[in-house]
Each structure stands twice: as structure tokens, then as C-alpha cells.
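Down below are the structures I want you to see.
Next, two complexes with chain A in common: one pairs it with chain B, the other with chain C.
And now, the complex of A and B:
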């Protein structure tokens, strides 16, 4: 168990180093940063001043080393655009992105698990096929399109929910639904297949032979086993949601980390871009590690091994 | 003879539309007796047991002329009412001890919940009873075992746990479906001895399903031999081993070195072929293709013949054919 976790942690660290390198390299490859920062009207001298001021005249390995050392100590550099430390920019926007991600995850789990159970209990029936159809549609639907459709129907026509911003809590509902939609198909399939296996298992036959109630058989004995992979995948999905909320934050004008990334990419604010990439990747890596840990905690065969 | 505890008559099970797994069998089990249901793989023994317990998988349909337990008509019960009987007055243990316990819960919690469900007691009382029963089935250090998960136990221990779990509510009937098949020989003997001891102590009626005639010889008061979904011979254990009458029973007995039945030096036999799949509308004796004594009359319906009051077999041959042959 401990060696299993240690292996996972080392793997996570390697992934992190790779991400650091790639995010640094990509921002340098997208043209001369000093030129694009200085703007079209700047003279050669202005460009050189900027190059010097931001340390862009130094060799790349040194720039990289400076960045890694800075990042490790929490200093992600300064934004050209906001003239503020990147760490503070991210910190200010994080609550919105986190709330959005968790809302999306809750909606996804509350939809996917009951539907998955229902489909498994009626395996092969019309209901099962209808539910799986929803999964296919959900997987095929682009989130910006779904977002705009929901804005038009629920926001503008019916006026049930606000269409942008999060001045009130219900501002999270529409973007949360859109975000959830991308996670629902995978979670639902996993719940369904896990439940189908569990319900056909010998231990469920034993549970029935013990005369347990249907609720106890399905929700306790079967779901407990089917839920192990679902919980782990849900943690990974949360990582996807936090990182993948760029489109949704743009569509719904939410001033979160995703929106910050989008804005800084458009304006070539490279310290912000590479930091946001690093930050979101770190969250993703941590959540994946957490998923392994959760699996180990939930499955007694792993826990006591 | 007193009213049997379990009385099954005309039990039929069909899988989908095309396979008749059980074709009108009659079985009765008296209080305190062991009734063995014997036959080779695929003859419908396990399916019959599951049908009696109301545990058939989806796609299997059950019908019966009579299915009564302790004077209660099981056919009239709703699934909900039936579930109140299962685990309480009738219990079952299975062939697969490795997979029959839920891997996600401790032994204690799986045992305690039976008592919690049927007696409405607290978890603590359930665990207390569970510990007492684990000790009764010969598990040392029950306190430790209660907190363990199934994967931490050996197959023999798991089967003991299954037996103890089946006894949680003092059932009147225990259906044991090949309880020792997956275990090694020494553990087999221990489990069988345990079942016999529990029967003597608790007056338990046991319906024991097995393909092992050695087990039958040790355990059974009554035996029903099944073939292709039918009971082809039924008798007290003594009568069956003394005078096996159906050609299939004879074939089975020649295949197994049961002490006292097969003499030292006799060659062991085998029955060529396998159990046929029976589709609805099948007529005649299902064993005729594998039988040395079959003739044209075996293609038509074969009546059941009686020897005395307690021994019945389904074959065209007269009762003394074995001696004549």
C-alpha cells in the first residue's frame, strides 16, 4: 500500500516536471515575446528595454531555471497585462472556478449515478437504451453549443436563470449543467456497467438468500462495489472540469481561472499562460493521485494488502 | 408419515423459451433429515434449489403444482413476503465460497445484518450472535474474524462463515448447493462433519445438492437422483445403495468408489456422452441415448414405478432387471 502510493507520487512528480518544461517551451515557441509585448508602435530600443527588464535576453536554460525556482517558492512572476503577481491573479479567480467545478461535479454525480443504477436494474429494456442514448448525445454535444442553447432557452426565453456572471448563487446553475454534461456519460456508463456486474454476482445472490430488502441489496451491497471506480473517475473528472472550464467561463462570462487563461493567451501574457497551465496541471495531477488513494481507501482488498 | 417441512411437487423451470431445465420434479424434506439431490453437472439440481428459494436469475421462469414450506404455500407469496422467509426460516449456502461473500464489507457486518433484518435487533446484538456462531462452526478467534474482510480468509473459512451466516436466525431448512465442491478434501470432510453435527444439534432439515456419491453415502437419509431435469430415482439412502434400479443410478454408482458399494478390484465405470439439453415438448426417457438397455418404448412417455412405498424410479425396466442381468 505504502509502496503503491510512493510509486504513484513519483510518477506524479515526473508528470509535473514534464508539464513545467512543455508549458515553458510552448510560450517561447509562439513568437518573440518581447516584440508582441511592446506592441506594433514600439521602436527597436523599446523592445530591447523590455527584453532586458523581463530577463528575456538571458539564455533559455537560465530563464527556465529561474522560472522553476520561482514557481517552487510560490513566485509565478508578474503579469504584463495586469501589472500584478500572477499568483495573486490566480488566487482571486480560484473560488469561482472551484465553485463552478464542484457544482458541475455534484450535478454530474446526482444525475449519472441514479440513471446508471436505473439502467443496470433494467438491463436490456427500453429504459436502459433510452438512458444510454442520453449518454451518447451528451458525449457528442460540444459544450459551447449546449451552453449557448441553454442561455437562449432557459435564460432568455423562459428567463428562469441568469445567463452570465455569478453575482447570485443561481448564476452557477447553467454553467454547472453544461460542465456536468461532459462528465455525465462516462460516469453513467461506469455506474451502469459496475452495477450490472455487481447485480449478477454471487454475493448479490447471497444477499438475496439472506432475505435482505431490495433497497439494501441494490443501494448497499451492489452500489458499494460498483461505486469504487466511479468515485475514482469522478476525482479525475473534477480535474477535467477545473481545467476544461475555459470555454464555459468564456461563454458565461465568469471571471475564473479559465477566463484568465483565455485572456492571457489572446494577449500573449506569457507568465500568466505558463503559470495557469502549470497550476491547472498540478490540480489535475493531484486529483489523479487522490483518485488512486480513494480507490485504495474504498477497496478493502487494496487497503489491507 | 408427518407433514414434510418442504414439499415440492411438479416443479418446472424454463430458461427463456427453449430450454426446460427442470421438468416436474417432486421432492419432500422432513424435519431433521438430509435429502440429497444427486446428478451430474447440468442436470438441474442447482436450478431446482434456486427455484425453491425463489432465487432464480432473470430469464428463468418457475412453475409448480405445489411448493409448501412448514405448511405455508410459497407460490402464493409476493417477493416481499418471500424475502422475510429467506435467511430466517430457510437459508442457503452455495458452491462458490470465494465469491459468495461481499468483498466490500466485513464478515461481522455481513453476518449481523441477517439478524438485524429479520429480528430487528441492533448491530451489536447481531455481532454478538455472529461471534457465537463463528465459534460454533469451529472458527477460532471469532472476534478477529468478525472485523476481517472476505479476501483475508481461506476458502474453507469462508464456507464456514457462509454456514454460520445461514444459521443466524435458526433456520428450519438449510439448502446447501455443493458446499464442499470448491474445497480441498480435508476441508470437505470437516465441513460435512460440521453440517451433520449441526443437524443433530439443531434438528435442521438439509437439502444437500451434490454430484459426489461419497458425500451422499455419508450424509443422506433420502436421495433423489436427477437426470436432465427429472428425478429418475428416489429412495431412502439405504434402499438406493442396496438396490439401485434406474440404469442411470447404476451407471453413476459404478463411476465412484463408494466404500461398501464398489468392491475392491471391481473396475470403475463411466457413462459415455453428456446430459442432453431438453427443449419444450421433449418426449420419452432423456437417458435413452446413453443407456445400454434402451429400446423403442423409451421414446414414449415412461411411467414411474414403485418398489414398496418408499422407492420410486422412472424406467421401463422391471425392478429385478439388475439381478437378472
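And now, the complex of A and C:
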């Protein structure tokens, strides 16, 4: 168990170092960062001032070392656009993105698990086919278009929900639904296949033979075993959702981390861009690490793998 | 089973139609997709009152014929889908086959590269690259092609592992074939059917991502009629004229649905021929 933990942690650390390098290299793709930051109207002096102020006049290895050392101590540099530390900008906007991600995940789980169970209980029936069709349709729906469509139908025509901003809690519902759509197909398929396997197993036959109720068999015996991979994948999906919330934040004008990244990319605010890339990757790395550990705790067979 | 086959044929029909429309675009568009007509802006489509003859799907905010733009948009989506899949398929398959065949340290390195790719947020990286390098059609294709290879790598790796212990690989080794020959002539043809299914999934994803990037203003540059860009440019008008985002949105949805249904059908069909 200890050696599994150690190996898994070392792998996560190596991935983190690679992400640090990628995030740094990405923002240097434009060639001269100072020139693109200053904009087309800037004079040579302005460019030089920016170059000095952001340490861009130093050799690349020194810049990279500064970025790594700063990031390790929680200092992500200063935003060029907001004149504020990047770490504070991200911290201020994190609650919105996190609430959105968790709302999306809750909606996804509350939809995918019951539907997956229902499909598995009626395996091969018309109901099963219809439910799996929902997965295919969900996969084909462009998220930004679904968002705009829901805004028109539920927000404007029916006026049930607010169409942008999150001044009140119900502002999270529409973007949450759209975000959930990206995770529902995978979670639903996984629940269904896990439940199909579980329901065909020996311990379920035993439970039936003991005369337990159908509800008890499905929910207490089969689901407990089928839920394990779903929980692990849900953690990974949350990572993908936080990374993908940039599109949804743009559609619903939510001022979260994704929106911050979008603005910064468009305006060449490179300290913010590289920090958000690093930040979202780190969350994903931590979530997958947790999912692996959770799996190892729940399923002892994995520890020796 | 017949229902599944029906869905697969439906998918094939959709993809085939879009492909034909995309190839024939210059000959079948009623108007120039770039020609503006400021007197004839926001004409409504044929099913609404007051539609204009000659513009069956109406015109956009600059008076450009919507049907013609939609047809050229099919071209952009198909070129993006096919080119990205070729690019990412080459990268992913190479990595996966090498990792799966050689195993050990080589495989560990391949797995590490796949893990790193999964850790970085896809859309954010694509947006950053396109923005910092400069947005153009080629840049979008290359960016997505360099990012969307991980499923190819995962599938190629696992299937190569299954294949490498089989007798015909051992026979080729005994016959003194080079490693390169074995990978290309013995392994690759026997895992190709799995890769074809992955290719459909990735093609759908590439088209969706291009649309999302273009929607965020950092994909295919204006005035190219990408469906994502059409939705983006039209969204200021969607409150009073919802059809301006519905038409390209439905087109996108139907194409992706068709590719996915075709992919599911191919999975059933190729799986069956393998077992037979």
C-alpha cells in the first residue's frame, strides 16, 4: 500500500513538473511576449518598460526558474491587465467556477445514476434503448449552442430562470445543466454496464434467494458495487468540467476562472494565462490522484497492480 | 439488432450527405457566401412569414445568404474533422503501438506522455495556442491535431498488447522480420478496426472543438463561414431572431449525431467480422 502511494505520488509530481514547463512554454509561443502585450500602438520605449517590469529581458532559463520557484511558493506573478497578483485574481473567481462545477456534477450524477440503473434493470428493452439514445444525443450537443438555446427557451420565452450572472443561486441552474450534459453520457454508460454486471453476479442471486425486496437488492447490494468506478470517474469528470467551464462561463457571462482565462488570452495577459493553465491542471492531477487512492482503498486488488 | 443497423445507416446517410454537400459546395451554393448585401439583412427563412425568394434560409446580419454560408460551413467542418483525425491518428497510433509492443520502460514513457496530455485542460490550451500563434485555418487544424491523439494512443496501446503475443507475430519474428516491418505489416492491420472506431469519435470531437473555439472568437477567423463562428456572430440577434443560431446549431448537432451513430455502427460491424 505504501509503495503504491509513493509511486502514485511521484507520478503526479512528474506530471506537475511537465505542466509547469508546458504552461511556461505556451505563453512564449507568440515570439516576443512584450511586443504582443504592449499592443500595436505602443512605442519602442513602452515595450522596453514592459520587458523590464515582467523580467522578460532576462534569459529564458532564469525566467523559467523564477516561474517555478514563484509557483511553488504560491506567487504566480502580477496580472498586466488588472495590476494585481494573479493568485488573488484566481482566488476571487474560484468560488463561481467551483460552484458551477459542483452544481454540474450533482445534476450529472442525479440524472446519470438513476437512468443508468433503470436501463440496466430493463436490459435490452425499448426503455434501455431509449435511455442509451439520450446518451448519444447528449454527446452530439454542442455545449455553447445548448446554452444559448436554453437561454432563449427557459430564460426568455418561459422566463423561469435568470439568463446570465449569478447574483442569486438560481443563476447556476442553467449553466449547471449545460455543464452536466458533457458528463452525463459517460457516467450513464458506466452506471449501466456496472449494474448489468452486478445484477448478473452470484451475490445478487443469493440475495434474491433470501427473498429480499427488489429495491433492497438493486439499491443496497448491486449499486454499492457498481458505484465504485462511477465515483472514481466522477472525480475525473469534475476535473474535465472545471477545465471546460470556460465555454459555459462565456455563454452565461459568469465571472469565474474560465472567463478570466478567456479575457487574458484575448488580451495577451500572459502571467494570468500560464497560471490558470497550471491551476486547472493541478486540480485535475489532484482529483485523479484522489480517485486512484479511493479506488485502492475500496478495492484491495488494485494495490498490488 | 435491426434497430441498431437502422441507426447506423441513418448515421451513414447524414455523414454521406454532408460530405457530398461539402465537396460540391462551389457548384450548389445559390449565392456567394461572402457577398454582403446591406439592404437585405436578416431576411427570415422560408417557414416564416415575409421570407425572401432566393434566400431559403434567410440572410445574416450582413445580408449574406445563410444557406450558402451553411453549405460552405459543412466544407470547413469536414476538412477540420478529416485533417485533425489524420494528424492525431498518426501521433496517437505511433505512440500507442510503440508503447504496447515494446512494453517496459518504453511503455512507461508512453503512459507518462498520455497522463500529461490528459492533465492539461484541452480547450484552454487550444485557445492559448491559437491566440498566441495567430488564428488561421491551418493553425486550428494543427493545434487540434497535436492535442486530440490520446484516445488513439490508449486504444492502440491496449490492442497492440493483445496482438503482440499471438502466433503470427512470433512467426514474423522467427522469420527474421525487422521490428519496423512487424509493427507496420503484422500489428497495425490487426488493430486497425479498433482505430477506425476511435477515428469517428475523434472526428466528432474535433468538429465540436473547432466550433467552440470559433464561437469564443479564437478559432477559424472571420469571414470564413464556420458553423461555430456563425453562431457566435449571430448571437447578438438571437433574442428577436432565434433561427440565426438555430440553423447552424442544428446543422452541427445533426452532423455530430450522424458521425457518432456511424461510429457505433462500425463498432458493431467491425467487431462482428473480427469474431467471425
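Everything below uses one rule, namely that the second predicted complex is superposed on the first by the 298 of 305 C-alpha atoms of A that agree within 3 Å, B and C clash if a C-alpha of one lies under 4 Å from a C-alpha of the other, contacts with A are read in each partner's own complex, and residues count from 1 in each chain.
The rule is short, and it goes like this: a contact is a pair of C-beta atoms (placed from the backbone, for glycine too) under 8 Å apart; a residue touches a chain by one contact, two chains touch by 3 or more.
Keep in mind the model is a prediction, meaning the values are calculated, not measured.
Participant: Answer with first, second, both or neither: which of chain B and chain C does A:205 touch in the superposed model?
Facilitator: first
Participant: Given the superposition on chain A, which partner contacts more residues in chain A: chain B or chain C?
Facilitator: C
Participant: Can A:71 be said to touch chain B (first), chain C (second), both, or neither?
Facilitator: A:71: touches no partner chain.
Participant: By the touch definition at the top of the document, which applies to A:213: first (chain B), second (chain C), both, or neither?
Facilitator: After superposing on A, A:213 lies in contact with chain B but is clear of chain C.
Participant: With the two structures laid over each other on chain A, which partner does A:225 touch: chain B (first), chain C (second), both, or neither?
Facilitator: It touches chain B, and chain C stays clear.
Participant: Across the complex, what residues on chain B touch chain A?
Facilitator: 53, 55, 57, 83-88, 91-92, 94, 96, 99-105, 113-114, 117-118, 149, 151-152, 162, 165
Participant: Could you please specify the touching residues of chain A with respect to chain C in the complex?
Facilitator: For chain A paired with chain C, touching residues are 11, 14-15, 18-19, 22, 26-27, 29-30, 36, 129, 136-137, 139-145, 148-149, 152, 156, 242-244, 246-247, 250, 258, 261-262, 265-266, 268, 273, 276-277, 280-281, 284-285, 288.
Participant: Which residues of chain A touch chain B once you look at their complex with the stated criterion?
Facilitator: Per the touch definition, chain A meets chain B at residues 200-203, 205-214, 216, 221, 224-225, 228, 298-301, 304.
Participant: If you look only at chain C, which of its residues touch chain A in the complex?
Facilitator: 3, 112, 115-116, 118-125, 127-129, 131-134, 204, 208, 211-212, 215-218, 228, 231, 235, 238-239, 242, 245-246, 249, 252-253, 256-257, 260-261, 264
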